[in-house]
Amino acid sequence: MLQKPERLIVDGKRLDGRAFDELRPVKIVVGPLHRADGSCYIEHGKNKVMAAVYGPREVHPKHLQEVTHAIVRYRYNMAPFSVEDRKRPGPDRRSIEISKVSREALESVILKEYFPRSTIDIFVEILQADAGTRVAALNAASVALADAGIPMKGLVSACSVGKVDDTLVLDLSKEEDNYGQADMPVAIVANTGEIAFLQMDGHMTQEEFRKALEMAIDGCKQIYKLQREALLAKYGGLENE
Amino acid sequence: MNDKIIAEIRKDYIYNLARRGERIDGRRADEYRDIKIKTDVIQKAEGSAEVMIGNTRVLVGVKMQPGEPFSDTPNMGIIITNVEQVPLASPSFEPGPPDENAIELARVVDRGIRESNAVDLESLCIKEGEEVWMIFIDVHVLDHDGNLTDASALGAIAALMTTKIPNERFGYGEDTPLKIQNIPIAVTTADFGTQIFVDPNLEEEHICSSKVTMIFGSSGEFAGIQKTGSGRLNVEKIYNIVEISSKKAEELREKLLGVIGNGDKKEKGI
Amino acid sequence: MLQKPERLIVDGKRLDGRAFDELRPVKIVVGPLHRADGSCYIEHGKNKVMAAVYGPREVHPKHLQEVTHAIVRYRYNMAPFSVEDRKRPGPDRRSIEISKVSREALESVILKEYFPRSTIDIFVEILQADAGTRVAALNAASVALADAGIPMKGLVSACSVGKVDDTLVLDLSKEEDNYGQADMPVAIVANTGEIAFLQMDGHMTQEEFRKALEMAIDGCKQIYKLQREALLAKYGGLENE
Amino acid sequence: MNDKIIAEIRKDYIYNLARRGERIDGRRADEYRDIKIKTDVIQKAEGSAEVMIGNTRVLVGVKMQPGEPFSDTPNMGIIITNVEQVPLASPSFEPGPPDENAIELARVVDRGIRESNAVDLESLCIKEGEEVWMIFIDVHVLDHDGNLTDASALGAIAALMTTKIPNERFGYGEDTPLKIQNIPIAVTTADFGTQIFVDPNLEEEHICSSKVTMIFGSSGEFAGIQKTGSGRLNVEKIYNIVEISSKKAEELREKLLGVIGNGDKKEKGI
Amino acid sequence: MLQKPERLIVDGKRLDGRAFDELRPVKIVVGPLHRADGSCYIEHGKNKVMAAVYGPREVHPKHLQEVTHAIVRYRYNMAPFSVEDRKRPGPDRRSIEISKVSREALESVILKEYFPRSTIDIFVEILQADAGTRVAALNAASVALADAGIPMKGLVSACSVGKVDDTLVLDLSKEEDNYGQADMPVAIVANTGEIAFLQMDGHMTQEEFRKALEMAIDGCKQIYKLQREALLAKYGGLENE
Amino acid sequence: MNDKIIAEIRKDYIYNLARRGERIDGRRADEYRDIKIKTDVIQKAEGSAEVMIGNTRVLVGVKMQPGEPFSDTPNMGIIITNVEQVPLASPSFEPGPPDENAIELARVVDRGIRESNAVDLESLCIKEGEEVWMIFIDVHVLDHDGNLTDASALGAIAALMTTKIPNERFGYGEDTPLKIQNIPIAVTTADFGTQIFVDPNLEEEHICSSKVTMIFGSSGEFAGIQKTGSGRLNVEKIYNIVEISSKKAEELREKLLGVIGNGDKKEKGI
């Protein structure tokens, strides 16, 4: 059990030395898996996340088929060893909620009508968890979708903003998450700036909310650059903007 | 003409209405359906409330019992929120464990209670590290005509506000009212492109591109947000939703305080 | 925990003042729900019961379909807050047994052959439980079926009789149920007097059983009157016997 | 000719036979099939019995172990009855948790044991509020040719009558026989309109309009009743069933006492 | 709880008096069940095992059907009262593994291609367990398949060999199993001597393994004789080698 | 041409290759694919390892926590091995609890650890009869291209060899390395009639008649065997498999010791 630190902001700096609007280090690997149609591995701070995409492929059981568009499935799953106290395998209520809203965020960009009667399956495994897993998972899933060649209106890029010691800070660390006052994960579609994912836990004033949303969008844009670079590193020759 | 085509035509119709600021049931964009709140409807529960928003009806019961605290919060009570979308309430509800919709609903209701610090959890410690009060908030959906979130959230806080800690039953002296420190109010809006509608009914829920639930505490601060559905929203629209929702939250809060404060409280039957 | 009272019959009267053959107060509301095809809310003593009927409607999954008649499903369910100690949601063995025999009682009157390949679904929620929930549930279900317009040979009306302090009494209260010697729930088809539901827990002599059965049937007939009145209050203009 | 039509013709045939008081297997209306009872067939169990009624065969094992009492009966032992309709016994039994039929069967068997006070539960208290004996009665159906209820109930009481409390294994002194205070006997009848048949075989069970199981204690008193199936019965018919059933219960009881009382007891193998 | 004996081999003999290569007594009854298409009851030492075969019959659900051959299902199940401490009903991980490898052993002889689109279901109930249940189950299943008339390339006959006090012994008793050093269940197809089932728990040298395998095969052949005799006792007139 | 026919042709092709001692990916019969082992890849785990055999990839994490011992081994720690075949790793893996393949895999891995006495369980006793260390070995399959067994077994022992007992977190002093007494190595071979191939890839696994996994301890002794699949093997072939497998086991063991012994140990990232 970590001890609650007396303060999370000391001398205008965060405990890990980051500026208020600074992301943790992010590493993105495109296509590390062989069986999946598309995949992505992301390290975001100490988070380690692997995403895979299968599809478009046939739907089983059949009664789930939709005649006008593909269905999208999303599974956010934590490995038993990903957290301090071993997690029992299988979905819990938190994972089920995260999977639902994450799926909806990606459905907002996937061109589902291109693939009637089929399914696009997105599986994300949290191999090590350290605050911000749902946004790391979305970022990995988004790249894995691109790697699988699934047509999308744009990449989804996600980032969270939080409030600690009455200060808004980008991309909460584990400690900031545990002892902070609010956490707001956001995802945008980078090319339009529209918001595809929005949740907020904790309390903040309406004024703070406005500022937090802006910070989060800036964070998402930083993430977008990293996603784009990673994809270009693999598919670089093909498109060159 | 098949169902899909009818649905498509109906959808166009509703979006066209929306463009003119009109709704299928004649409401204004920012108008709730009729809200009825009854408390103390279940005598076996420590607290209870029935909420109707239009034809939507939920029953919330609060039960309390002593239990072991979590090891990382040894001096705090525990809140467990569950939603049962029983098949009685809708042809689309199946028997079985809660699905993703019921789980999301329960977690959003829970979030409002928890993040607003509605309940003073430290006051629920019986013996540090050994025994604390557990509060079970059970939302039982009886009739589903849309916007279960606001009805459930309203029912949950109303039930908590009328909850008595059953000290006597467990040998801890006299029953005492549960202390409520903050009253979270959830307001759900639906996006119809050119319009934001509050309190979407069932048909509107199916057709809108996404919904946002914003939860506000007693001083107007946020106590939780949840976007749901596969639509995208630009920032201006979100600011617009904040404005509408925070205003409606105050109306709902007054309505609630009116009911809890007056004689309706002891009404029986559901 | 209630203390066991020394006696359940004092001076020839029951603890709640009722006569041996007297029902608790019963209130019946027809059609309180909007989504269901038929519904009924019953308060019987402190029991609060809501029943809904959906159907005839399509059967899912298909392999459950019967080509010559409708299938009937019945779900007796207790709300978590309906009892002293919170009940975990979901069916337990008791609920499953009650659902089975209650369904069979209603199948004895439903004209299933009118609706081949379809299902008639009956859902009953016990919102507050206080002895005699299965008969209250059956009474509510029976009215909800009528409200849904499901053709039946007759209304099913149910009532229990019990034995306390060696005395047979109608419609056990919670205390009488907890500390009594026997409980016998019975349902009849009121227009023929035939028995559609019969269970007995506890012990009684064969002589007592005969008397108890008669008392129960009388109780069922009282219930029938109340069901009929409630339906007439809603559908009064249509039939007038 | 399809299965449904054959079934319909067969049903008519059996009902016509019934009208003349005859049964497909030549039995009289109030005649049980051959009953065989063997006890002490499973040495690993504290008590056991195998019962055959015609081709129907069930094996009942009783296991005992110390456990915590229920909080409202701190000085009473606990009985848990379970029926496994394993797929070995019938093409219609599926692997998986007990379905509604297996649950009903277990609960009816349990009810007879419990309501007749067959076992003196207070004698099973080891330390009030802390430790009592738990009795697990497990009915394992091996061959299903109808009337599992009577076979299971008979097997359960026979197994209990031969049960030894395993005190030694748990350090409580010598093993002692479980005290049995009452012997509940279940008799099941099937309604064929003009006739009541006892001990319906599988085909009769499928075709009859309803069955009634009546359970009688040692002094002929009722210890449980269960009507099952979607038929209706008038009062006279029920009185008739009482008369038949109570008579057959005495026959079965004598049969059982004969077996438990004599040397068959130590027979092995099933 | 049994006490661990000081030695399991005393004066060149096993605790139950058997020679190292001696089976426990085995009793085989063919066709004891009426509903099943084929059945077999085996007592092997204190093990009591009942096997039943249903099929070839239609597959439910349909998507499990194979167009070129029958599927085979095998369920090894322990009765709750079969062991010292009551076993909770339903399959545990051990039962699932045993069922899988036992099914595969029988699939190696069943002429599955004779029955496309159908299933052959083998159910084995362990009524009393006393070391070596998986081999007893296989032996019973094999006879039940023959009793059901399922065409096979040969009977499967199974036996285990173990190592106790550094000595290889056939057909471990419960005590030898609990306190021994290794257990190796083996099944052969008797007419060819080929191995259809092989597992090993514990430790033995490569040299010991060779000897153990030979002993096990000899044991299987003894079992085969008993299976054959039991089948001849029922079907004796038909084939006479 | 349908899938079945293509599969049949492909199968013939591979068997024909096998007759000449050749494999589809050009390997020799007794040749493993490239093996990569990384340890300490998950900092939240007490021990961890990632193993790649060709394109097959598994991640193994070891977690430890105090728990109650089994009543029949009051002074011994507990090992629990679980395999998650998460749907990310293969189009044929479904979400849900482990199926028979995952259970078999977990039990074979567990057997090797357990029967070789890799871990000194008695050293894991904290307080006899009350508290012992529980070791959870969780195998998370990330990419399935055949021979999950050898990869999982290798990952499990590698993770254990780098495990530190988290004494500090639970107030038992400083963290100490888990003592490993024996290093079990699993070698899986596939039978192609005329040939035995080690380390079958996914396609070979589907087409071979059966596989045998042999597990060897540090002194070359057997620590477990599992035949899987519906093929039959004659005795000579089994002896042949023993010879091949025991030789490969030594190679794998050296490979493993090379990795654990050198600086790769602290590498991060997977």
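Labels A, B, C, D, E and F are assigned to the chains in the order they are written; within every chain, residues are numbered from 1.
Assume a contact is a pair of C-beta atoms (placed from the backbone, for glycine too) under 8 Å apart; a residue touches a chain by one contact, two chains touch by 3 or more.
It should be emphasised that the depicted structure is a prediction, and the values quoted were computed from it without experimental measurement.
K.L.:
Give me the chains shared as neighbours by subunit C and subunit E.
P.N.:
Intersection of subunit C and subunit E contact lists gives D.
K.L.:
In the touch network of chains, how many steps separate subunit A from subunit E on the shortest route?
P.N.:
2
K.L.:
Based on mean C-alpha positions, I'd like to know which chain lies farthest from subunit B.
P.N.:
Relative to subunit B, the chain whose C-alpha centre sits farthest away is E.
K.L.:
Of all the other chains, whose mean CA position lies farthest from subunit C?
P.N.:
Between subunit C and every other chain, the largest centroid distance is to F.
K.L.:
With centres defined as the mean C-alpha position, give me the subunit E-subunit F separation in Å.
P.N.:
27
K.L.:
Could you please state the distance in Å, as a whole number, between where the Cα atoms of subunit B are centred and where those of subunit F are centred?
P.N.:
Here subunit B and subunit F have centroids separated by 49 Å.
K.L.:
With chain centres defined as C-alpha means, what is the inter-centre distance between subunit C and subunit F in Å?
P.N.:
Distance between chain centres: 58 Å.
K.L.:
Where in subunit A do residues touch at least two different other chains?
P.N.:
Touching at least two other chains: 1.
K.L.:
Linking chains that touch, what shape results: line, ring, star, complete or other?
P.N.:
Graph shape, chains as nodes and touching pairs as edges: a ring.
K.L.:
Head round the ring from subunit D, going the subunit E way, and note every chain as it comes up.
P.N.:
D, E, F, A, B, C
K.L.:
Which subunit F residues qualify as touching subunit E in the complex?
P.N.:
Listed in rising order, the residues are 4, 71-72, 100-101, 103-104, 106-107, 111, 115-116, 210, 212, 217, 220-235, 238-239, 242, 246.
K.L.:
Note which residues of subunit F are touching subunit A in the complex, please.
P.N.:
Those in contact with subunit A are residues 42-45, 48, 55, 57, 59, 61-63, 65, 82, 84, 86-91, 95, 97, 136, 138, 140, 142-145, 169, 269-270.
K.L.:
Using the touch rule from the top, collect the residues of subunit E that touch subunit D in their complex.
P.N.:
Checking each residue of subunit E against subunit D gives 1, 27, 33-36, 39, 41, 43, 46, 48, 50-52, 54, 57, 75, 77, 79-86, 89-91, 121, 123-125, 127-130.
K.L.:
Okay, in this complex, where on subunit E does subunit F touch?
P.N.:
My answer: residues 1, 67-68, 93-94, 96-97, 99-101, 104-105, 107-108, 182, 184, 189, 192-206, 209-210, 213-214, 217.
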